[in-house]
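Per-chain numbering from 1; labels A, B, C and D assigned in written order.
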Amino acid sequence: MFVIWLLVISRTEMDKPETTLDTQMLEVNIGPQHPSTHGVFRMNVTLDGETVVRLKPAMGYLHRNHEKIAEGASYLASMPFTDRLDYICSMTNNLAYAIAVEKLAGIEVPERAQYIRVIMAELTRLVNHTLLVGFLLNDLGAFFTPTLYAFREREKILDLFEATSGARMMCNYMRFGGVKADLHPGFMEKLKEIVENYPRFLDEFEKLLTENEILMSRCQHVGILPKHLAVDASATGPLLRASGVDYDIRKVDGYSIYPRFKFRVPLGSVGDVYDRYYVRILEMRESIKILEQAMKEIPPGEFISKQGATGAKSPRTFRPPKGDAYGRIESPKGELGFYLVSDGTPNPYRYHVRPPSFINLTILEDMCLGCKVADAIIILGSVDIVLGEVDR
Amino acid sequence: MSYGLGILKGMSVTLKQFVESYTKKGSIVTVQYPEERREDVERFRNFPILVYDEKPEAPRCVACDICAKECPPKCITIVRDRDEQGRGLQKPKVFDIDLSVCMSCGICEEVCPFDAIFMDHQFELSAYDRMESLNYHQEKLLKPNSYLHQIRPTDATQIDAKLKAKEEAKKKTQPGTTA
Amino acid sequence: MERLDQLFVLLKKIILQFAESFLPAPLLPFLSILVSITAIAIFAPLTMMYLTWLERKVIGRMQNRFGPNRVGIYGLLQPIADGIKMLTKEDVIPLGADRVTHFLAPVAVVVPSLLLFSVLPFGRNMTAVNLDIGLLFFIAVSSIGTLAIFMGGWASRNKFSLLGAMRAFAQMISYEVPLVLSVVTVVMIVGSLSTEKIVEAQSGWGGLRWFVFTPWGFVGFMLFFICSVSEVNRTPFDIPEGESEIVAGFHTEYSGMKFALFYMAEFLGAFAYSAMAATLFLGGWQGPLLPSWLWFGLKTFCLVFTMIWLRGTFPRFRVDQLMSYAWKFLFPMGLSNILAAGIWYHTPFPLSFIFATWILLLSFIGLSRLNPTGTRLERRTYRFAE
Amino acid sequence: MESTEQIQKDLEQKIPAVKLQLERDAFLVDRKDLIAVARFLKENESYKMDYVSCVTGVDYKEYLECVYHLYSMEKKHGPIVLKVRATKEDAKIPSLTPTYRGAEYQEREAYDMIGIIFEGHPDLRRILMWDGFAHYPLRKDYVPEDQDILDK
């Protein structure tokens, strides 16, 4: 009886706190040097107690004007710089740039190179989503355990990248018209091994996390992004699909040879942090399906077209025709696009990057208003930004 | 939904990992670096090296300056060697690579028409100051062809075969002069 | 077996006899207290150091890595290396901080944690100070630590540590209440506050008389353990020093030995609370065969291992969830636990267990259903687009 | 998606007094009726261009150009490219942020890099460079302070 009486009290009294005494707003700068801003990103947050009243992001700490450097260099010379855009998925950055230049110059890509590119892009998606889930749990406070499980799996994939392209994170592997070098001899066995026990890792990961009540109570109905706002604010990638909008550029544009693969696009329902977490786990499972199909169907043949090989051999002589082109792909963080204007010289006249994390930040404030400081941190984590791409 | 099941399931995963770290062999992934080392990966690329066939004085590089022009961060400086009358020789007098600027992207190796520059596997190159000791001059960069065979067997053999084929082709085209 | 069990007590007697020869008689009681104090003063930092080592090794093993193994074999000298590092680290006092409280806070945090050790029954008649109100002393001293944490947070004049200090205050107070309620049941049944008597009340039948096997005892043990994890600011209740949110909470501005003192207080608190949980519910040093102090060590080690295990697995609660969990779930559970214990005490054997478990189960399910901690947590199904 | 000529006819007929030039598959829209065209493309049933994917500022020495790539998430059809020009002296272009929330940061970046002033933008500040920076780095006539970096 006493218990029920207490619960009744707690429902009525505590919900209407009238603040007679004037409280002062606490203005806190979260960042640029902060354990969980995923890089040098600052949020100027005004707090009323613990709840966020105003949040103004400030960026540009890592700005090195990648676009001005690209205008001074030849087309191929900015390929290694695209690795530094989103330094977690360097292969998809290369792929986006290669596709944009191929659209600009009209270069054909042989079959085997298309398959290699799809395999590398999907492996990068696995790397990015695993890392993101790990770091999201880090922001939630789990003392590095999920992150280190994620790193353990990522290492296997990075060893593949190193053996094929020469470097673990800064691969610089794709060329206009194909890839720099063919897959190294032991590639297929290692890939088969990864693809086979990745689902087992994901099941263990889900067993550790998805049903965890603390994670559910911390992430469900937090930082909700309504469907219409997501579309209007051109959010892209898992952030958009978690709000339920069915827009995946691999399906919409069907670039490279993605239409040949059978895979599904997971969609969230509420659009909160929990949906973004779980949509990424489901996307990883879809990527594994694509990898299985690509592994079986990869044909032998040349890994770079003749025209591409000569272009790679002497970048000075690679002069795309006058005009402009906009190539875009579905990078793990969203729509990564390159807008190139060429005036016939070996240097691009205008080189613009459409970075997904930079534009996904437009609605960070809308999601964080009214929630606690701890929520603002995990909402930023769930948006999945990488400062190399935000600041370029 | 009571605070029960999900938490226990999560705890069972970490306990399994804890117990497995003692029982299962592959569970601990750390490589104890100085004692254990990862096996060498053939295509791994770190900083560039110049390759010479017989004598360090005659490297394959002919100072054509293509790699210096193509290098994205512009970290290679080449000065062509001149003999007494001032005519350019097919040999670099100065060939510096500023390792603090080089990002080991491997473009110089791709664009070099004479297969003279390759990416090394040596990564333990710490130095005391950033400026002078990281600006590698020609003597430090030169490595014998045998070293190339040791670190990159497949590529080295292909390149040797290609060079030998070019040699025969040159011998065949002007037999008059040499024969 | 008897000699091994009373090893430390005999040791103390030998020292006293040896000192009798040259010390005047009235000084002897002081000497015996001095011996106990030095024993604790050596034992406590030692346990703290090797608890840090244990935590890093256990969490390392949980994360598929080794944990410290470079300093000494299996990293056993690592705590000593950490200690030296902490000593040599520069001691930064922020410009705006008011220096006295900034300096006093770490001291005020460590002293209560050390005082807790005086009441713990390490073995048969091996309690340092056998107070009749041992348990009350334990609870009272442990709440001083909260004040010291607030002092530390407030004195370093840094917005993050201010947030951390406020959170520490709110959390400690709201978890003190269910802690005390769970202890009230044990005191009610045993009828005395002295830790010795509590342990004796649980002796017999080879361990089946431990309170944890009674329904109210089990719920009391869970309540006590959860509240002690939160009193000590360990995951999942470590919001005062939430690393990912407010940088490092109340000890952001502390470095060098002062940070080490905060760290020591946390681990001493963890050890003391686990020891008290073992005393209250797992029968202190009761146990067949092995000597009493070894049983005490084993039980406390298991509880500390669980605390470390929690730290390696769980994310952190949010502040308001933490408060609502304490006030709307643990507090009512504590009350119904007292009710169940009362009924259990007065009804004969078979009926008592049934009534007590029935009341507790009813309140547990009722509370978790009625619990208005925000929206329901549901497992979601996701649709796929082709 | 119909061909560009058909869209041009459709647009010119639906929105009064709009002059559209075709530039290889993009629409050269005049400054004053940019918002009208954009709003029409967004609301019209057959187009439903509800997603501005990429906003880029380009400096063509005689004039500054702003390129908008519009897509439709609902109907999943391809880009409609709008190009707007402004001379360097009065580099003013009406901002699309009131119609597309997504253009906010991209327009601020175009202002920061090229110097196109977007009228009607809620808070037009520099986004990547620090506020005290006076020049526009991506302009062709921009001379970087420390010269030796780029021209080696």
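Just so it is clear, a contact is a pair of C-beta atoms (placed from the backbone, for glycine too) under 8 Å apart; a residue touches a chain by one contact, two chains touch by 3 or more.
These numbers were taken from a predicted model, which means no experiment stands behind them.
**Student:** Looking only at C-beta pairs in contact, point me to the busier pair out of A-C and B-C.
**Tutor:** Pair with the higher count of C-beta contacts: A-C.
**Student:** Going by average Cα coordinates, which chain is farthest removed from chain C?
**Tutor:** Centre of mass proxy via C-alpha means gives D as farthest from chain C.
**Student:** If you average the C-alpha positions per chain, which one ends up nearest the average over all of them?
**Tutor:** Central by C-alpha mean position: chain A.
**Student:** How many angstrom lie between the centres of chain A and chain C, each centre taken as the mean Cα position?
**Tutor:** Computed value for the inter-centroid distance: 42 Å.
**Student:** When the centre of a chain is set as the mean of its C-alpha atoms, what distance in Å lies between chain B and chain C?
**Tutor:** Whole-Å distance between the two chain centres: 56.
**Student:** Which integer distance in Å separates the CA centroid of chain A from that of chain D?
**Tutor:** Going by mean C-alpha positions, chain A sits 25 Å from chain D.
**Student:** Using the average of all C-alpha atoms in each chain as its centre, how far is it in Å between chain C and chain D?
**Tutor:** 62
**Student:** Using the touch rule from the top of the page, what residues of chain B touch 2 or more other chains?
**Tutor:** Only 1, 3, 7, 10, 13-14, 29 qualify.
**Student:** For chain A, jot down the residues that touch at least 2 other chains.
**Tutor:** 145, 152, 208, 211-216
**Student:** Which positions of chain C touch chain B when the two form their complex?
**Tutor:** 58, 61-66, 309-310, 312-314, 364-365, 368, 376-378
**Student:** Going by the contact rule at the top, pick out the chain C residues touching chain A in the complex.
**Tutor:** 59, 62-65, 159-160, 162-163, 235-236, 238-239, 242-247, 311-321, 327-328, 332, 335-336, 363, 366-367, 370, 372-375, 377-380, 382-386
**Student:** Quick check: in the complex, which residue numbers of chain A touch chain C?
**Tutor:** 2-3, 6-7, 10-11, 26, 28, 34-36, 50, 137-145, 148-149, 152, 208, 211-218, 220-221, 246, 248, 251, 264-270, 274-275, 278-279, 282, 372-375, 377
**Student:** What does chain B use to touch chain A in their complex?
**Tutor:** Those in contact with chain A are residues 1, 3-7, 9-10, 12-14, 29, 41-45, 66, 69-72, 103-107, 110-111, 113, 119.
**Student:** Enumerate the contact residues on chain A facing chain B in the complex.
**Tutor:** Chain A residues touching chain B: 73-74, 76-78, 80-81, 145, 152, 155, 159, 162-167, 170, 172, 180-181, 184, 204, 207-216, 312-316.
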